[in-house]
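Each structure below appears as structure tokens.
Look at the two complexes coming up: chain A is in both, with chain B in one and chain C in the other.
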Partner chain A sequence: MEILSNLAMGFSIAISPYTLLLAVIGCFVGTIIGALPGLGPANGVALLIPISFSMGLDAISALVLLTSVYYGAMYGGRISSILLNIPGDEPAMMTTLDGYPMAKQGMAGEALVVSGVASFVGAFIATIGLMIFAPYLARVAFKFGPAEYFALYMLAFCTLGGIGSNNQAKAAMAAAIGLGIAMIGLDKTTGMPRFTFGELHLQDGVDFLVAIVGLFAVAEVFFFIETHGKNSAIGVKLGKILVPWRMLRQTTGAMLRGTGIGFVAGVLPGAGASLGSFLAYTAEKSVARDKSQFGKGNPRGVAAPEAGNNAAAGGALVPMLTLGVPGSGTTAVLLALLLTLNITPGPLLFAERPEVVWSLIAALLIANIVLLLMNVPMVKVFVHILSVPAWILLPGVTMVAFVGIYSLTGSSFDMLMMVGFGVLGYIMRKLEIPTVPVILGILLGNAMEDNLRRAMVLSDGDWTFLFSSPIAIGLWIAAVLGFIAPIFLRSFLKRPPLPETEPKVGD
Partner chain B sequence: MKNWTKAAVAAIFTSIAVPAAAEECIAPANPGGGWDFTCRQIGRIMTELGVVPDLVQVTNLAGAGGGVAYSQVVNERNDDPNVFIAASSATTTRLAQNAFGGATPDQVRWVGTIGGDPGVIVVAADSEYKTLTDLVEAIKADPSSVAFAGGSAVGGFDHLKVLMTLDKAGFTDIRKVKYIGVDGGADAITQTVGGFAQAMTGDLSEITGFIKSGDVRPIAVLSEERVEGFEDVPTAKEQGIDIVAMNWRGIYVPKGISDEDYQKWVDALKQVGESEEWQKVMTENGLAPYSIYGEDFETFVADNIAQVQKISKDIGLLQ
Partner chain C sequence: MIRGDRIFGAVMIVLALGYILTASRIGTSFMSDPVGPRAFPYMIAGVIILCAVSMILRPDPEAEWPAGPMLLQLGIAFAALIGYAFAIKPLGFILPTVIVAGILSWQIGGHPKRAAIAGAGLGIGLFVLFRVVLGLGLKGLPAGWGF
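Let's look at the complex of A and B:
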């Protein structure tokens, strides 16, 4: 077993009291960074890079610290999603849909434990997948050209209806707003700026973190002010945290499905954790018999996206390490770190620097176990940070949001834009338009358009190119089914489960 | 626990907002990128050599591909003698294309370059094109038969490398050249290995792994001479196309400083460029020697910008 001996070597390098201490610190800081709105894994890791340089850490210690922060932030994002209805980072967005309703029904503790375990399952299986399949999976990326990516994003948009449970038209409108915002910035296919009005700060487009923090956190502040805290999300009570074994058993399937989907989305460069958690959620909803429960506090709606986004985080390391292609914003930052440490990820990394790869994998496994311990038995510690009285917490959240957004580029323009998004979020909530599709539009719109345009350049404008490979055709079929199936299935499925699920709504 | 939050917040504050004392290097991008690398390495070596009295403070000021930093230096720090800014081919390319909101290259003073990342053109290992000449002939025969993938947007430096090469090779209809811009050199490689694009253009340092693993075959390096460590890769010049495209690493300083201060920076950069520490950094990071200083560098920048403007007009990016 070559893998086991390699892994043993990795552990022998990674396990020292010093690196373990770094892992614990990294996990803790990461969880907090993830839980704080505005600070996500990407800027958390970016902020810590200069610190790890000034601490004079060697390559492996720096990797242990920063990957712990990375995984920690992926775990932490769910805490504020569930307790505050503000996603701590973009992949945790889907967790708000069912996590917050659960918390409102007094099941905050259960939601945190289920999502914590789901995070562990997703991340742990993904790390093992990374270990075993990385060299083979690297080849998958070669099969995905512009046409295939475009079909993949179409699949995501076609299943978008799955999240706007109340009013599909409003969800579609919100997604269109998001797509419109995604158009801002430099157009890669012509090199010309679009909708920037000569403003330099708009040339890179709108950072989705600015949009998320504005739409969720700042809008929440406006709501809080308007209602004097009465209708605000802040202030969910958290009772004793017990491990809800029954609920964990019920959600095992959801976790495993979420892990699979998330891992595949992570492995494809250009898809990433947000797409992973989104597809995990919509897939879970489509296989579930009691669809009406989703969006109202279904534990499976918490388990699937959390497993999905953590598995995607592990999956995203595959193309980053084996091809040097970052699958997400955070892995882009980690890639930059590796390059500065004189480690060049690429097809030869596993052969040339096995000590780096295997100690990184060992570090990921260690970080996962530390995080499981921190996030299930010790989750109260983090909850305490968020459960101070609202009149202290909200100014704090606002401040961290501003600091986090300022840290993105170091310009005040993004902060103003964030406030603008806050106003938009407030208006949208008043009109009961969901804000999640806006973020998805911004996140996926750019990549979808870029790939369509690239496909058109490659094929000289021949649209049949989009259906020219088996993978693309398969994805198109899935997309069409994802769009049409709910319309026909609704009439079949709606009647029988209703009586069974009715009593559950009340409690 | 609140202390922890405070500590975390304090750490975040210090990492982004240390008061500017002594020498400062502005990296117009986030930590980890090429400009950040330039600032950190040059700053570290300056301190080690004793060229500057204190540690060089690195400030990251990302946005608009360097445009935010450029306009801030021009508008707010025009007479600050203690600041220098990391720059590369991307900086002059965007200036030439008027992508910095109306800023012009003569609003700062160009100090010099101390190294460069040679441009390369590669094809998939099983490609029918064996030499640069093969590729150029194929494009001349049918421009739509070859699509290039590169790590920059249309009009960016990777795209220009192809266009300048073809221009020198006597292919004038450069608007017909197919190019797709993806996110970085490695991504461009996957599109090429996957067969979606027929050739890839980028910087040598970003794709050395793929060359060594045999996934791709480099058919030309766009430097004056063959590059150390890649002796079997012929230059474009050897194949009869007189093109050199180096992604240079250098710095500029504000316009309003005195000639003495400017000279001070030129000398300081020269000392770094000639130091053993820098030679080591270059070999470790796949950079090739490429040094031009002072007046010569200002001329180089002006020529480079004129060349980019000509090509950009040809492809319709500039009116």
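Let's look at the complex of A and C:
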């Protein structure tokens, strides 16, 4: 009952004509961002943080707008997966496996509706899961001291690096680069400048928004120049959209199973939506009686991963809100948003600022309903937008990135640093070094060091203090396992190849 | 055979050593704690060196790096973005945006005429969006030209 009264409070804050308008705009923009190949949810939210900040939106409005964009991008990713065989973002990759074959058989409309409903089921149930589990986890998190937090940060880096990359050394390197960048600026404890080289601009440290926009958006431009925008979408056609009720009934089980798996994958730190959709698809295939139909246009192969990836997106909010530890690149960006708004996630957030938590949850529920309406009856609108060519889109995205950073900080130095991060992001992606741990390092670096030093103050310099409580030991074991186990599971976790795209006439 | 991984690893080792050197010069103040401001940076540099050595000893298969003309293209894009970072303050939003968006559009699409239209459209369209619709405090034209 406490949940319901809290939720009522959240809705009373979040439901106003103005915030509803923001939710609609956010959902619309988010779906476009998700649908366009090359612009994922992390990218979209990162680009919009500085802009919504300089528009002077208050905390609740900014949260409503950007979480709508976040969920919208998760919905939108499926559109280009199904129609073009190009995942709009990484978690949508599994949707191509059966979505594109369905489109080839002339069932593009059905695939879009089934996946849209699956997205809704996954995201909606996951949001309810968030309401139930987050306060519980927040109560557990009260028991965490500095040693436990330090171990928790290690766990986040280890699982993210272990699962997200094919080379452990590269993932650890990326995390260390991020942590190293986080050290730049004034040391909080002693007040001494570190790694500033006498440069005043560096005294406050490197702004994580500059790093995020550079690593994600600017790096993308270099990639598009190299490929000459070959991946852009041209000539998409779609017939009348009808709701295939029978197909929806047949896939209900797949949606619910996908949701459960996705939510659990999302709650684990470092796993995120990509793993959620992957596991949901694999599980659905292994319980199905008609295994051979998977990969050839089975609607359940569309429903399960879409439910899984959207449920994971909701599940990933649980550790982000209660512990301040994001589970994926996109939630790392959402953490950046909260920090920009001066909201520190963690157990105290639930006790001290319940209005933020519950209006955020209310916003998520609103966003989901808006998205269901947008993505099923109105999906054609987005299909038209998909045909915007890359030579207009990418320059536009770059300019938006610059405007955002410029209006946030007003300094050329930050824009130069953003271009620098763009080059770094390009090189790292060429070398297959993941960039998300860099972001996570920059975001968490200071808190991680702070907790380490406070732990040492408590224990008077005794390093064994880090392993002295059962919770801390458990987290350390999980961290080591999360880092090492994927080496042995790699053959199992190997991703299936994309279905072959038919050569287009006139290419 | 030199691979990208090895070059990156070597560069990171040099950077990490420089990082350690810089960290060793961080001043001590009257406030102190058992760990101090230098230990955590040392640990980070240690991790970087370990990972770099691993990348040098066991590099992954070489990526496809851009060569010759493509490298020049990327260089042009880089120079344009750097120029944009310097130009937006004194020249206002519209002019640099038209030029840089035009350059990027030409590099991605390869049609000069279309790129010019895209650049002009983006420069003016985004200005209207940001200034008029979203109300950001952007300057449109160079100082003294109005706006």
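Points to keep in mind about this one:
Assume the second predicted complex is superposed on the first by the 284 of 507 C-alpha atoms of A that agree within 3 Å, B and C clash if a C-alpha of one lies under 4 Å from a C-alpha of the other, contacts with A are read in each partner's own complex, and residues count from 1 in each chain.
Keep this in mind: contacts are C-beta pairs under 8 Å (C-beta built on N, C-alpha and C of every residue); 3 or more make two chains touch, one makes a residue touch a chain.
Note that the structure is a prediction, hence the values are computed from the model and not measured.
When the shared chain is aligned, no partner comes close enough to touch A:106: not chain B, not chain C. When both complexes are overlaid on chain A, the residue A:190 reaches chain B and chain C alike.
Shared-chain residue A:392: touches chain C; no touch with chain B. Looking at the shared chain after the overlay, A:400 reaches both chain B and chain C. Contacts of A:253 after superposition on the shared chain: neither chain B nor chain C is touched.
Of the two partner chains, chain C is the only one that A:172 touches; chain B does not reach it. Common to the chain B and chain C contact sets on chain A are residues 51, 187, 189-193, 400, 403, 406-407, 457, 460. Per the touch definition, chain B reaches chain A in the complex via residues 1-2, 4-5, 8-9, 11-13, 15-16, 30-33, 36-37, 40, 58-65, 67-68, 71, 97, 99-102, 144, 147, 153-156, 159, 178-187, 189-191, 193-197, 206-210, 212-213, 215, 284-285, 317.
Every residue of chain C that touches chain A in the complex is listed here, in rising order: 4-5, 8, 12, 19, 22-23, 26-29, 31-37, 40-41, 44-45, 47-48, 50-52, 54-55, 58, 60, 63, 65-66, 70, 73-74, 77-78, 81-82, 84-86, 88-89, 93, 97, 100-102, 104-111, 114-115, 118-119, 121-122, 126, 130, 134-138. The part of chain A that touches chain C in the complex is made up of residues 51, 54-55, 166-167, 169-170, 172-173, 175-177, 179-180, 183, 187, 189-195, 197, 218, 221-222, 224-226, 228-229, 389-392, 394-396, 398-400, 402-403, 406-407, 412, 415-416, 418-419, 422-423, 426-427, 430-433, 448-449, 452-453, 456-457, 460-461. Of all the residues in chain A, the ones that touch chain B in their complex are 28-29, 32-33, 39, 46-51, 53, 141-146, 186-193, 198-201, 203-204, 269-270, 323-326, 333, 335-337, 339-340, 342, 344-349, 381, 384-385, 400, 403, 406-411, 454, 457-458, 460.
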